[in-house]
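Below: the structure, in structure tokens.
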């Protein structure tokens, strides 16, 4: 048993002074001054907040992508997560061309055996056929996956067209699953890329120019319309710009069920990074959508404040500088992705809570409770409550942590947040009732995490 | 002890099958199959939802207003509330001209001794002076009132100007109180009234024409700006139209803390009522803001769905037909107000949940949990949780109830919802752990209710 | 010579009392009391407005479409136009599958020889290839066509995808031509059609359900984004709904050059028509986009008032009832199109000017001057000025005209505006300096019209 | 006679190559190669645009204001105007407290006798009474003034409240006059000023902080609502920020007749100026509304592009540095105002036309034609046409002119645009058919200007 003593418990809708008792992987009691049964390990949470562990619903661990494999696998990705207060990740299971979803699922289960924290999968729909139609049902009913991912970009690879989106969204609605969308107009991106390369722009700045905010705003608007036509809710991943956010907000203002997920990167970093004279510096920041002009950040923050955006994620997909250099001659070949799993929670606390933008309860909402509800695993995850999984972070709001690649758990050789001074960080992370991280020391082992099944028909 | 057996517990963020045990006025246990200790009264909730009792934050019981006194006093208003599943009301304490807030508070405590359910007060700021400035602190710190009401209409009576709003909002921000606003441009309403009367329109339809949506939208926008300038959040009462809702939504989209409260009347009834050939019919529906064209209803519903509007209230202020007839010659003299306390919950369930607009969890949010959080009495009120007040409604989603004035508890002789067929109604209401209403029979007694103090600095 | 005496000249920006002298096909003088040289024909315009003849930029005369040929050819279409005060039409030259633009142009020139008023063409881009790329230049430079039409709907037939739109828009930008877009998401329309037919809905009401406003709003938004990416302005034909209008207005509010064209049908008729029990009645009104709910009309009118929409057209594409019956078993086979050429100006005057929505100058703007400027033929067309083509309508604002199919010039057997009582109608129409219509009598002959070349790089 | 040879005539809706012949103060002929009668003065306009002279509808010449008198009187203000291509100004006639409008009008006529270019007045309504009501009619019918100005700010001085606005707007509607509004919430400004001074901020930066964009946006929204209630159009002067522009655009999008006037200052200068370490530098830029953050500029430019804003003015109200120093101890005492009359046209051309934001025709629209139409003096002013006043500017788009106070005509000792390098400037300005300015030399004399009467009921 573990007793977390002296802290303030923070849920998405309420906070109060209470000790928390954990046993058998579950939270079993709250109280103003709980007794510690013999043998209980006591964690001093004085001056700290005791919060549901973070959930990162957008990771790509050990992903074969663009001729490379992302450098953080399920072991190191989840270890980083735990060190940063995140206790569950949801990764994208993406079938190879021609591969069945069922086979892909098996591959992902195999890769994820090493996970140090709990995890689940989204399944990608990258083409449409009778087989896909049939397998979606198995994925939902047998594998406990209630979300399907769709790419409107990556033309010639993962991209699906409007007809396929319609079919898949309609199928999702029938199965009680939620469609997720990477929203960029892939046709236009491809043409912009060609056009920029023809004009001689081969460096990372070309990546940003080839996928401007309008291209994302358009696709977001389109995905939302298609969802509405099929009677399905829809979740837009990595909402990075005002135009996309406004498309979401417009739909919500009409009563439609639409969710938006800004990444911690887009909340804090901007397109000036691509102007850096160092190719490496710029290329390390290549991801899709790219970082945006600063004015977009205010829109994303306001979305979190007003509830038109619900979830902060990372799209953690880490590539080393060496891997990035695959695109030295052509920005289209730079593997897309950055890290963030270890840093999301301290960064968001620093920029969001310390600045007064978000209350601490809203911090819990956007890092954990909202996505748990959306994914239909609440309150098992996402809430501190009796009977819930003991995925708990003891958060010291006065802890200082400056981000340095040299200290990070991620396997890559840089950090896009290098030098950010965070105030507010986890002192202890409990995962499944065990101390996974404490006082700077990682105790979790590979394989500690469990696969989390998620039933369809989320009530949200 | 009372055991509610076999129902589905519904909170604003989650529902699950559980029995609920109540003791000493509090909820003490949840479980899939709780034992009933000897002497326990067992309520069969099979097929029912077990929800937090409703909170109506906008009532005017026994209010002296416009030359009359509203016909439902704290006894009959609260009894109606309980019969409809509402277990707490918040009434507006409005000082007479020249009266101190402290004296007004004593008057309201006296009037409210008869209340059959729990209650609290908002305090009205109807002028500005050193005395008002000083008394606001006492009201907050001594009386446990954390909200102040401001009228931008009722020129020559309750209306305050922009300077006074600024002063009071700034004072609220300092004290951790929340300003509430009745938002209509009183100057323009007064001029429109004159102009309509000059043109010979003296009937109730003139009431509606004199306060069109633009007039409310403008004042809402203005109140929000003033709140922003003073660093205060703001709560707009009886948001009735698209223009007002959009002003709120715009501010929220910029990250400002603004709340909006549609009334059940404006969600369901429209301005055609004022065209009724019967003067009585139309006059009974005279309230401010008036009912609006149907297109406004869609905006209000979408606001509840998307979260840009948070609370459904009634502005219950009941006048008999005889009282209404004070304005036979001049619509300005018709006492403003309608009933709704008994009907709010079944009507909202029918039109909101049965139609698919709202989930049952959202129903709890907008009838109870949201306002409890805003008023800083959550989770004591607004949530079914261990230790919370046992204000509970057992809700039968298949119960049929057609609204008829002849069956109502309210003291007035009509009901503006006459003939509405509700599907979904309370079968049992618990108030403070006692059965206040069961199977159509009212058991609560006058004086059963308690005054609820509310601390300032709500975390929301 | 012709002298128009005693009227008020109305241009888009100014009106004044003046006589107008016409000679040699041109307007040659204005003055308060011009002398009539010997042999001058004098038209009494007392109490009348003397305005630039209308330009209808959206007609389909003698179009082979959906297994039929539209019933009004260039002769009868343009004769109807003249009777209604319209003195120029712009028709869509649509190559057959595999046909070159150059051959299509020749076909259209041949068909249009019968035209009784001046005319021009837009050229449709229905696929993409090196040949199309090359021919576009010839179309612009040799044929005097400065507009290219694109269909985002009619999947499997005329529809082009985003890649093709991008290519063509970029080519337009290079050539100084303006892309026009029929904006509906063809993929989604096709799927909605299937789904409705599967559910057993085969009648004309299915047509409307298969292409709801969101589907048009989405495509409009997409076309605008693609135009912006290519640096091209864009013109959206038949803007029928709030969602499409708002997409246009949003883009304009960001400084983008986007134009929108509501049809007189969508301004006045609504979707209730498709509920008519008579299959014929409903089928005669089948066009794309379909008529919309009334609430959309207010949006379109406000767009004309505020300048976010610029042009009122007809999409005149008339099919007889017999032709419509091709779709008796399947709404997809009902030839799409309605008439309107003869009725546009009186209807718009009645509903727009007499209602106070539009000034008479704005009437000239949206029926003539704006499109003349957009098409780069201003002030030759679209303005009464010295040296301009004498395409002039003498408009009696007090003339009564009730629309009846039995009196119309169009070759079809019904009129979708049957029974509309117009107040305001042409008494005389001059086309190229000749009296084409006077006092109810048509004087124009087939072949009187001339082909109008339009240079690229419109300054608008 | 004067012949302007070889230029391109530019009107708001069309441009063409033509010579222009001027005689007797009017434009009398256009033609590709006009003959110059004997004695004609020929102006070479080769490579130049020949445009309607600018109209600045917002000046305060020789205004007694805030304890000072603005330094440019009608002589020097209008001479600067002519040197910059502006040939008419409209000044604000502002009665002293208690003074009748009729007396104020006489004062203004006296002051304006020195004007070197044509001029007119707006009349200010600074209080409400039977006398004001009556005098408004005389002002319109006898004095030829069709506009009334209202201040929502300057509390305790010029400010009027909502009731007074309503009365005056209704009166305007009856008389066919157009209400103009200075839109800032005066109550809130006054409270913000106090609060900033209390906090110790006494310098010019306090001026900006005391009147933030929200305060202007609110008042703009309010004025528009009141105008709508009275059935009057409304014109918002010096629209400086996104919030105000959006209020205007919202109203226009609903079909309301609302006009907005950005100043050249707000289009080009931003709030950083108030952070300048030099008190003089910052104080010289004190005007109301103050300069805004850069992001507002994009909104104003887009408004001009899309037509939701119609007019670019200056609010020319020049105070010397010495005058500004009246507010050394208290920013509230710094006389509000800056210059701009000489610079408006070259600055707008440089930043608007050379940047591609505006076409040359749109330049004419926003500097001259639109306001001429709004003020009902079109096409006498605002258009080059036969019979129009020969107020003409010959514009060399390649002329370079860098703004320096030492070269300016204005009587003040600095220029807020100091150092701006303009490309595009007048080479010759004709005023009333005479050469007022040519090749850098001012030829106009004091008293050359004439008072321009403006009839009510503008058709716009």
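Going by the order they are written in, the chains are A, B, C and D; count residues from 1 in each one.
Simple rule for what comes next: a residue touches a chain if its C-beta (ideal position, glycine included) is under 8 Å from a C-beta of that chain, and two chains touch if they have at least 3 such contacts.
Remember, predicted model here, so these are calculated numbers, not experimental data.
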Rounded to a whole Å, what is the gap between the Cα centroids of subunit B and subunit C? 53
Could you give the separation in Å between the centres of subunit B and subunit D, each centre being the mean of its C-alpha atoms? 50
Counting only Cα atoms for the centres, state how far subunit A is from subunit B in Å. 39
What residues in subunit A touch two or more of the other chains? none
Determine the shape of the graph in which chains are vertices and touching pairs are edges (line, ring, star, complete, other). ring
Those chain pairs that satisfy the touch definition: A-B, A-C, B-D, C-D
Subunit B touches which residues of subunit A in the complex? 12-15, 249, 252-255, 298, 301-303, 305-308, 357, 359-361, 369, 373, 378-379, 383, 386, 459-460
For subunit D, which residues are in contact with subunit B within the complex? 161-163, 166-167, 185, 187-188, 190-192, 212, 214-215, 217-218, 221-222, 225-226, 228-229
